[in-house]
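Following: one structure in structure tokens, then a few remarks.
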Amino acid sequence: MSQSAAIPTGNAPYSDLPPIISAFFEAKARKGLSFDAIAKQIGKDEVWLAAAFYGQAKFEEADLKKVAEILEIPVANAEGQLGSHWWPNRGLGPMPPQDPVIYRLYEGVLVYGHAIKAIIHEKFGDGIMSMIDCDIHITRKPHPKGDRVVLTFDGKFLPYAKW
Amino acid sequence: MSQSAAIPTGNAPYSDLPPIISAFFEAKARKGLSFDAIAKQIGKDEVWLAAAFYGQAKFEEADLKKVAEILEIPVANAEGQLGSHWWPNRGLGPMPPQDPVIYRLYEGVLVYGHAIKAIIHEKFGDGIMSMIDCDIHITRKPHPKGDRVVLTFDGKFLPYAKW
Amino acid sequence: MSQSAAIPTGNAPYSDLPPIISAFFEAKARKGLSFDAIAKQIGKDEVWLAAAFYGQAKFEEADLKKVAEILEIPVANAEGQLGSHWWPNRGLGPMPPQDPVIYRLYEGVLVYGHAIKAIIHEKFGDGIMSMIDCDIHITRKPHPKGDRVVLTFDGKFLPYAKW
Amino acid sequence: MSQSAAIPTGNAPYSDLPPIISAFFEAKARKGLSFDAIAKQIGKDEVWLAAAFYGQAKFEEADLKKVAEILEIPVANAEGQLGSHWWPNRGLGPMPPQDPVIYRLYEGVLVYGHAIKAIIHEKFGDGIMSMIDCDIHITRKPHPKGDRVVLTFDGKFLPYAKW
Amino acid sequence: MSQSAAIPTGNAPYSDLPPIISAFFEAKARKGLSFDAIAKQIGKDEVWLAAAFYGQAKFEEADLKKVAEILEIPVANAEGQLGSHWWPNRGLGPMPPQDPVIYRLYEGVLVYGHAIKAIIHEKFGDGIMSMIDCDIHITRKPHPKGDRVVLTFDGKFLPYAKW
Amino acid sequence: MSQSAAIPTGNAPYSDLPPIISAFFEAKARKGLSFDAIAKQIGKDEVWLAAAFYGQAKFEEADLKKVAEILEIPVANAEGQLGSHWWPNRGLGPMPPQDPVIYRLYEGVLVYGHAIKAIIHEKFGDGIMSMIDCDIHITRKPHPKGDRVVLTFDGKFLPYAKW
Amino acid sequence: MSQSAAIPTGNAPYSDLPPIISAFFEAKARKGLSFDAIAKQIGKDEVWLAAAFYGQAKFEEADLKKVAEILEIPVANAEGQLGSHWWPNRGLGPMPPQDPVIYRLYEGVLVYGHAIKAIIHEKFGDGIMSMIDCDIHITRKPHPKGDRVVLTFDGKFLPYAKW
Amino acid sequence: MSQSAAIPTGNAPYSDLPPIISAFFEAKARKGLSFDAIAKQIGKDEVWLAAAFYGQAKFEEADLKKVAEILEIPVANAEGQLGSHWWPNRGLGPMPPQDPVIYRLYEGVLVYGHAIKAIIHEKFGDGIMSMIDCDIHITRKPHPKGDRVVLTFDGKFLPYAKW
Amino acid sequence: MSQSAAIPTGNAPYSDLPPIISAFFEAKARKGLSFDAIAKQIGKDEVWLAAAFYGQAKFEEADLKKVAEILEIPVANAEGQLGSHWWPNRGLGPMPPQDPVIYRLYEGVLVYGHAIKAIIHEKFGDGIMSMIDCDIHITRKPHPKGDRVVLTFDGKFLPYAKW
Amino acid sequence: MSQSAAIPTGNAPYSDLPPIISAFFEAKARKGLSFDAIAKQIGKDEVWLAAAFYGQAKFEEADLKKVAEILEIPVANAEGQLGSHWWPNRGLGPMPPQDPVIYRLYEGVLVYGHAIKAIIHEKFGDGIMSMIDCDIHITRKPHPKGDRVVLTFDGKFLPYAKW
């Protein structure tokens, strides 16, 4: 009934994800499961699982199978569309993002990008924080003046090659 | 001698910051001080201080005075240019960023933006993580396969008004 | 009969809102109800309600139910598509806006943006007017030379964190 | 001493305003005057005056003279540069705005643009709210959970010609 | 038979106008009527009528009815889709325009924009020529070296408010 | 004294016109001459003359000489910079234009572009209105509800070659 | 069978040409006819004919009829869709072009644009080469080191009006 | 005296060419030489020479020497700035071009790009017309209805590698 | 079953390739064949073959036939859609690319573009590395700290014509 | 004498590199040294060295010293500007690149980006080729039909984290 409910609208890239993705969102909504609830069952983090739902990460076979079972979706369908021959074509679509939640992350880059770069260089030298070998976590931190979102990027430092 | 050294080149916005900013960077370089070393003396975090150096945050009078003294820059000059009548005009310049360090942050938005949005909504409801009431920290986490950058955004959750 | 009439054309983002939205607009047109008339029945402002119709705000369960009843749309359908698992993916689409009504608002930012920023800083210090915790109202003000639109943004001031 | 302090940095358009503008900002800062304080003396609103300082509005001769006197700037210079032969070339520069204060106004257009358009049409018919014949006011509204910015646009409704 | 013929191709915005618009174009082509011929019957100008066909102007009830009758299209359908609840969402789509006819108008802005602005200011002072309260006419002017297009904008001058 | 006054600010293209252009604007302002007053003396239209001042048209030798004399600028300088070897590099700079006067012209293209194209085709066939062989005039038309700007483009129709 | 084969993919503008265009391409492919072979039969150049197939030129009635007959497509269909009421909406779609063949033409503008402009001015004075009254031809020129494409634009010079 | 006259204004890329380029343009203007007159003396085409003046082609040593002598510019200066260590950084600057002469070339790509591509493929197969191994010529063709510009690109056909 | 699996999602250009392309990807996935396995059978490189699958290269008749046979797809269908009348319309779609794999290639241009240009000029003179007559190979190079991708472009040097 | 000769013009980013960079290019040109000749003396590759000259890589102290000595530039100046406190702010400036040498690299991404991505995934799984831990080499490969540029990227494969 509510399948389209949780798929972001107004965002073309997601409209051409493999159709099984819609089934995933629909089943998740129908069963009232949070990303966290599903993620715990496959031993992954909720942020990673949500990324996989949005076609931004690739399931390993075993995890894909387990998720399909949790959602009561035919495993063959899931494997047919998201299996070994499918590779995520990552990306968000038109930038800058207009949704305020995502824009605030983008604003973090605008306002603090150079400051973050400077501190990384001072602490590590010439190189980058990897966004490939990077874990991301979100926690809710209670606070008397209003709870806070704690968003953490934990990425490997990669020094520039000199050859 | 090395005044222009630490000011980011290839980035127009910074070229029209108040000139005292160049003096700050030059003095910091000449004295061999890290942002962390200066920040500790004024009881602020190094990321915040770096943002202030890049014109992305506003010093309080007392902090500005202390920083000027640490850098041995005439306090009156600092106050004249960054004092009570100056307000940061925040921003990074042309987007998307081309420097790989800053681009990786941007890529985090591209790849994980919708996942982060989804988890925030599941944990907090309809609203955003504030980038105004937000602390940012960077730590170096030792790791046998290569040390890691841990970048944390700790921002207040703001629910949407319904009126 | 007139369902597509009130949905903005030429504006892709709205074309992929949940289909129930079209039914909302169609029923509203068929019944000849203004946003104000519906809004009054659920104790909300007409601007907020219009935003919800355009997928830019999230109904609470009770309000969604009441609106569906007013419009004689099956409540289950409305809940299935706009219920607890659906989160607005806010945004207008390609910018700058080309429709003259919306462009004038944009022009207000172009021409008066820095003036507004300056006055906010003089009155409140370093921070922003929240667009999340913000009420918006429109009234018609009679005037002998032609009635006037009075558009008011009433948003919480948020000071920048210093950490 | 602090002349460049109050001129927005990182914003090329303002860098080529007539040079007297810099002198205006500098004198205003040196004298510690707010826009409101100056505006009251010439019987104008502070938002309008700030717009005029940013080259977004045109002084009438008498007002220009009075402002120059208040700021103790040679009236002839002010008239030479901002007098009868000078016309504002309005605009903000690269869009979207990156400064968070101005971005929030822009976000208001993104999120509430269609809702505002819909309500204007319902209340007035086919036409626009003029941004030319429009007064803008900002007031500080005390609130126990944090004071609020009240920003009001009061613009004439203009119906579309049909010829 | 020729319904799609007269609808501009390669121009996305028009593809999502209310479907009755296609019927209008198709009937106009089938009957071999010019915009001028139809316009004369409802007492409007051909340019205004063409704009209404392209969804850039709003029919009054009586005119809509008459046009539908001229085109032998069910009035109820026309009213259902373009009636009192429909408001034009004006705009052309991606800019700059690529079609040479429309580009030449755009080039007029590029080459003569500042000259036109200067003359308007010299003749009227600080203000604009309204594009809302503006009539547009096109006439064919015979000329021995090749006939000429005479395109006239007749718009109300609006002085800037000073408040 | 007031030389920079009349040169549009915030518009980079004009800043690199031959420097004699600044002298032209300055002299025009100092002598209090309108474009119309100068244009009449050389038998040209004020819009054309303003375009020439903005570097968007090329003076013939005789006209350049006469204008320099009217403005009391050394003729040799004017000829050296705007003489037979100089060719206008036409254009306005970043688009869309942000100044409201120029934007309204641009909005005319957005809203009425397809209507104008349709009428030109109906009246002339497949071809364009030339913007090269085009005269432009502005007149002030008195009107009881507020005077009107009448802006006329009178351009040769050019049919498409078929070869 | 192969109808979609010859229609350029990855290029949205062509996807909304009148559907008869697809039939033209399909028939041309099925019959194994080159543009040149068809063009010769109607006394036109192959480049012009190809432009007409891509919706960038308008057939005269007689030519349209003949082409339909050559391709064995119902003449009425062709006339219904491309006949007297259809006007080309010219353009290529998103720029810069990404296909290398078309990009090389674009690169010709990038690298030699100012040189071509300078020579046109030296040979003709202030004016342009018309792209409306312009014939385009392509010939294959044998060459021992590899045959060459000779692409010729033969366009009328149009001097700027001075009024 | 007239050095800046012939350098295109409003076009940033040229403003940072080696300064000797300005001297070239100035001397050419002062001596009243056309590109053709200079080109003939070094056995090159005028279009190529103009491209070299605009920094879009590289002089061979002997030609550079001869041009400097013709212009009476110190050869050592010319060699120091445009000699063996200098390589053109080709390009026009912001696109699309706004100057009508250059825009018409660009419009040729917009309107005839796909037609030209189709004919090249029909005549040569899968490959491109080189813009690197390409000669460009402009001739003035007398015509009773107005002389014509004949612009020819003579470029090597390069077939795609298949490996 | 898994046909859509291997076609990149979120990338509009590919969605309008000839439909046989989808059948190619689907059959390749179903048979579990790598590009390398297919390429070896037709004596081509895997990179070239993958480009052909993505519509970026043109099959010769014989190869197309063989590939169709390998994939057990009707040869007539393949020839009908990708045969002698079809020419690739190359390109990637919106830039910059957002997928991290492709972005890294783009970043190589951003960071090392000028360095590569400089070395090519030093080694070869004024000219380019052809991307048309260019072979591309990818090999996996074992390495104790993690295997490496070796990506080689082997392109003909083309000197600039001087005419 | 020839200092500006080798610095790319028309490319803003390089214009605000530390001024010592100009001295490097000037000395290199004056001494007639190739990047390869200098690179060999410090045991680095010429591509890396060229990148460092363009401010896209960071010298280690010892290398910087040696390069300064080779170029006979005061070591203190070099260290003051490019020493331990300076971090490259990498990037090329406006994209897409207009210079044909650099554009061809960009075109490689456009045409072969998805093919390269597909082969990397087939050979390595889900991950990227690092552009940070990546060596780049250029060699000249003799060939009877014209020598070839062999450009090699040798980058570490980085698999995506799954957390």
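Labels for the chains are A, B, C, D, E, F, G, H, I and J, by order of writing; each one numbers its residues from 1.
Keep this in mind: contacts are C-beta pairs under 8 Å (C-beta built on N, C-alpha and C of every residue); 3 or more make two chains touch, one makes a residue touch a chain.
Fair warning: this is a prediction, and the values are worked out from it, not measured in the lab.
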**OP:** Please give the intersection of the contact partners of subunit B with those of subunit E.
**Re:** C, D
Subject >> Turning angle required so that subunit B lies on subunit J, C-alpha fit (0 to 180°, nearest 5) >> reply: 70
**OP:** Report same or different for the subunit D and subunit E interface, where same means the shared residue numbers exceed half of all residue numbers found there.
**Re:** same
**OP:** Express in whole angstrom the distance between the two chain centres, defined as the mean CA positions of subunit F and subunit G.
**Re:** 33
Original post:
What is the distance, in whole Å, between the centres of subunit F and subunit J, each centre taken as the mean of its C-alpha atoms?
Top reply: 46
Original post:
In whole angstrom, what separates the CA-based centres of subunit D and subunit I?
Top reply: 53
**OP:** Report, in whole Å, the distance between the mean C-alpha point of subunit G and the mean C-alpha point of subunit H.
**Re:** 25
Original post:
Which residues of subunit D are in contact with two or more other chains?
Top reply: 8, 11-12, 14, 48, 87-88, 90-92, 94, 96-100, 107, 110-111, 117-118, 121, 127-128, 130-132, 134, 136, 158
**OP:** Using the contact rule from the top, write out all pairs of chains that touch.
**Re:** A-B, A-C, A-D, A-I, A-J, B-C, B-D, B-I, B-J, C-D, C-E, C-F, D-E, D-F, E-F, E-G, E-H, F-G, F-H, G-H, G-I, G-J, H-I, H-J, I-J
Subject >> Parts of subunit A lying in touch with subunit J, wherever the complex brings them together >> reply: 44-45, 48, 57-58, 60, 87-88, 117-118, 121, 126-128, 130, 132-136, 158-163
Original post:
For subunit H, which residues are in contact with subunit J within the complex?
Top reply: 12-14, 16-19, 55, 76-77, 79-83, 85-94, 131-132
Subject >> Residues on subunit D engaged by subunit B in the complex (per definition of touch) >> reply: 1-2, 4-6, 8-12, 15, 28-29, 32, 94, 97-100
**OP:** State the interface residues of subunit D toward subunit C in the complex, per the touch definition above.
**Re:** 8, 11, 14, 34-36, 46-48, 50-51, 53-54, 56, 90-92, 95-97, 99-102, 104-124, 127-131, 134, 136, 138, 140-141, 143, 145-158
Original post:
What residues on subunit J touch subunit G, complex-wise?
Top reply: 96, 98, 100, 103, 107, 110-111
